[in-house]
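Here come two complexes built around chain A, the first alongside chain B, the second alongside chain C.
On to the complex of A and B.
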């Protein structure tokens, strides 16, 4: 119950912060351009049968990008403001505070899905139907939760890192490739295909693609469980990391400098 | 002559300061492991779309286009690094100094061009064989053309940087949007003639368009004269944007002197 209250407070704080730093939602500005890019490539090649991929991909990419961007910003801002030590030293669980803040922005990132749909409709006259709306919605919610879990794990790493920008820049496209954001992982080399199974985004991407196809979807619940399970692993890693880092910096007092 | 010499000295110092800045972000190891690998993955991401389309021609088109565009991507980071300079509080000093602020701002982010030329070239020559894209023996001549693209993109991005100095929170938005627009209409992701004529005319005035056309001609064994013409056009476009950038920074300095508000970004 105390944890729920803590997360709720973090959500409220992040909503107030968002009003003052709209840059956190930068991805919502680039999403329409990415949608135009993907649809132009796919339609330009005459592949109207896969144009739904081009509408889904910007949303999937936004989900991950916002998670990574915000968890980096949170640590950077706290460090620059000199409050990182206070956050780590407070009795409240730092990881849950970070999780609550990231979850707030991640849910906002779901707007990117609506944006991509709108750009496809207005710009290209393409309306992608969703024959499995419940699966689609459940996948987005599970995907958002898993993103918040993994972003929490990264926040733990960022506390230790000298430059969060370096990590933020490094992990975007490798995850988009392994997560099958636009191109299904079946088209990756065999070795990478196995690795992609460990990336929750690959399950999210494929479930979303299946949800916009009329055919019955195979094993939806186990696949959703994989998304949640992999997200929980991320959150667990995040909790352990932040707890260890907290213990270390309480002893050495070097969180601000890392 | 003395003014020119002092401007050249200021430019050299600005370049050295920028390189020192970059060295605080990356070591050789982190540049290779974190940045270069990310860029290679970005190019591979788009080359894979060609595989999705089951078209070797599309794999080639997307791989070459996106590899070369990485030179522009890094040049557009000048929007962010110009704002870093303002964050350090040096802008009033630069405005008060006898040398144009354009010299300082133009020099302090030159390192992005060097990094961009390197990542674009490495991506092209590393990924082409992995994706089965044949490159002719003349392919290394693409490197000076990539340098021309990096220069033209840098000059264009400097204009944006001069504008975002007045609205610093937009630095990342401006850089990202600027780069994405280039990739959409300048022949990186789709052939330029996919778009309406008026948009093609706009693209002709933007960086990447001519330089990339020159590289595609080079890799397809096109006539040397046509390649040289497109390469020169890319440089001319860059010089045009440089002239606009000089005027943008001059207006910024003049406005700051007049209102005394330069410290506060308004």
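On to the complex of A and C.
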């Protein structure tokens, strides 16, 4: 109950913070532009059959981008602002607070999916149908949870590592490719396909694509379980890393460093 | 376990440095502060004050020795220490400046297990206490430095701590705000909370503290009654004078309580005193000689260290 209350407080706090710092959701500004670009290319090439992919891709990319760019910075931002040591000095479990805040940002990033749909409808008159709405919704939910898990891992990593901005920028496109956000994993070179299976985003992307196609979806539950399982691995790594970060900054005296 | 609200024994903290000897921030500090005492910690920059505060608040591990807060070991029982302490760090950092004071306090109240309606009421009560209730819904970034410091103070109290650690709490406060802060410390004393206050300001320490400890180089130099500090403040003063003839300076140098005359350049001299009342006699001689370009000042903490601690030693 205490943990639930703490996470709820972290969620409330993050919602207020996002309202005051809209720049954190800048990706929501670029998502419509990407949607326009992808749809224009697909329609120009006469591939009306895969228009839905062009609408899905910007949303999936936004989910990851906000995870890596905003969530990944949460601990470092706390340290720079001088609030990390106050959090460490409080009775609250730092890892839970961080996870609650990251989960909030991740859920907010799902707005990008709605944005992409809206741009397709308003800009191109394309209403992408969702024949499997429950699977679609469940995939988004599981995808957001998995993203929160891996973002927690990144938040821990970025405090321990240096040159994190470089890493954040460098990692995004490989993950977009391996995560099947831009093109389906099945179209990747064979050597990369097995690697993409380890990336939770690839399962999310393919499930979302299947959810917007009328054909029956094969093995939805095991595939959702893979998303959750891989996300849980990220969360586990993240919680361990956040605890290690807390212990390390207490040992080194770096909690208050800007 | 320990009796005092704060007790350190042989407390050490070293910070490793590349290609150099470790920097010693605390070099075996022994300190005991009984419950309910407002204790001042005086020392120059780098003396180890902030390091001690961080160790006591569990955000920094000691390299050696032990520290107890309210009877709990800050390393082995850190989780038990945290609800018992409140920490207030001076300066601009440590607040979510884009949020309002009320939002800041509600968040921190939740971190101390007071979420929901209880946290809301607590935040309002604390904001009222520090005189910010009327501006509770304005962003902290619009506050003056003194107001931000009051938010810091309110934040330090959200956990209803038995021990409050105030690290340079009046940095940036104007005189009125600093006086209000001192009144607040008086209230905390009346509530039987233990307060550890670090400061550079000897006058502040004298005004609010029951006892004062001086530290330098990570060691406790001594613990004294604040009235002793007040005596130092009165005794160690200086008079700067411009255009004083050598004969007048020679006369001044012979006055009781004058410890030295130093040339500052451009015709200026500094006359230093080490006895209460000596400054008045110096001024009388200078004014009688027709000199009017005069200014007086009190000794800095570092000057007091050089003059008093080096010569007399203190009661440890």
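Basically, the second predicted complex is superposed on the first by the 244 of 258 C-alpha atoms of A that agree within 3 Å, B and C clash if a C-alpha of one lies under 4 Å from a C-alpha of the other, contacts with A are read in each partner's own complex, and residues count from 1 in each chain.
We take it that contacts are C-beta pairs under 8 Å (C-beta built on N, C-alpha and C of every residue); 3 or more make two chains touch, one makes a residue touch a chain.
None of the values given here were measured: they were computed from a predicted structure.
Trainee: Under the stated touch criterion, which partner chain does A:114 make contact with: chain B (first), chain C (second), both, or neither?
Mentor: neither
Trainee: So, does A:34 touch the first partner chain B, the second partner chain C, both, or neither?
Mentor: In the superposition, A:34 contacts chain B only.
Trainee: Looking at the overlay, does A:240 come into contact with chain B only (first), chain C only (second), both, or neither?
Mentor: It touches nothing on chain B or chain C.
Trainee: Using the touch definition from the top, say if A:88 reaches chain B (first), chain C (second), both or neither.
Mentor: Only chain C is touched by A:88; chain B is not.
Trainee: In the superposed arrangement, which partner chain does A:166 touch: chain B (first), chain C (second), both, or neither?
Mentor: So A:166 only meets chain B here.
Trainee: For A:5, select first, second, both or neither according to whether it touches chain B, chain C, the two together, or no partner.
Mentor: The answer is second: A:5 touches chain C but not chain B.
Trainee: Quick check for you: in the superposed arrangement, does A:17 touch first (chain B), second (chain C), both or neither?
Mentor: After superposition on chain A, A:17 lies in contact with chain C alone.
Trainee: Give one of first, second, both or neither to describe whether A:251 is in contact with chain B, with chain C, with both, or with none.
Mentor: Second partner only.
Trainee: Kindly list the residues of chain A that each of chain B and chain C touches, one partner per complex.
Mentor: Correct list for chain A: 21.
Trainee: Touching residues of chain A toward chain B in the complex: what are they?
Mentor: 21-23, 26, 29-30, 33-34, 36-38, 40-42, 44-45, 47, 50, 53, 163, 165-167, 169-174, 176-177, 181-184, 187-188
Trainee: Chain C touches which residues of chain A in the complex?
Mentor: 2, 5-6, 8-9, 12-13, 16-17, 20-21, 81-83, 85-92, 97, 249-251, 253, 255-256, 258
Trainee: Can you check the complex and tell me which residues of chain B touch chain A?
Mentor: Counting only chain B, the residues touching chain A are 25-26, 30, 33-35, 37-39, 41-42, 44-45, 48-49, 51-53, 55, 58, 62, 169, 172-173, 176-177, 180-181, 183-184, 189-191, 194.
Trainee: Show me the residue ranges of chain C that touch chain A in the complex, using the header's touch definition.
Mentor: Residues of chain C touching chain A: 13, 15, 51, 54, 57-61, 79, 82-83, 85, 87, 89, 91, 93-96, 98-99, 103, 106-108, 110-113, 115-116, 119, 139, 155, 159.
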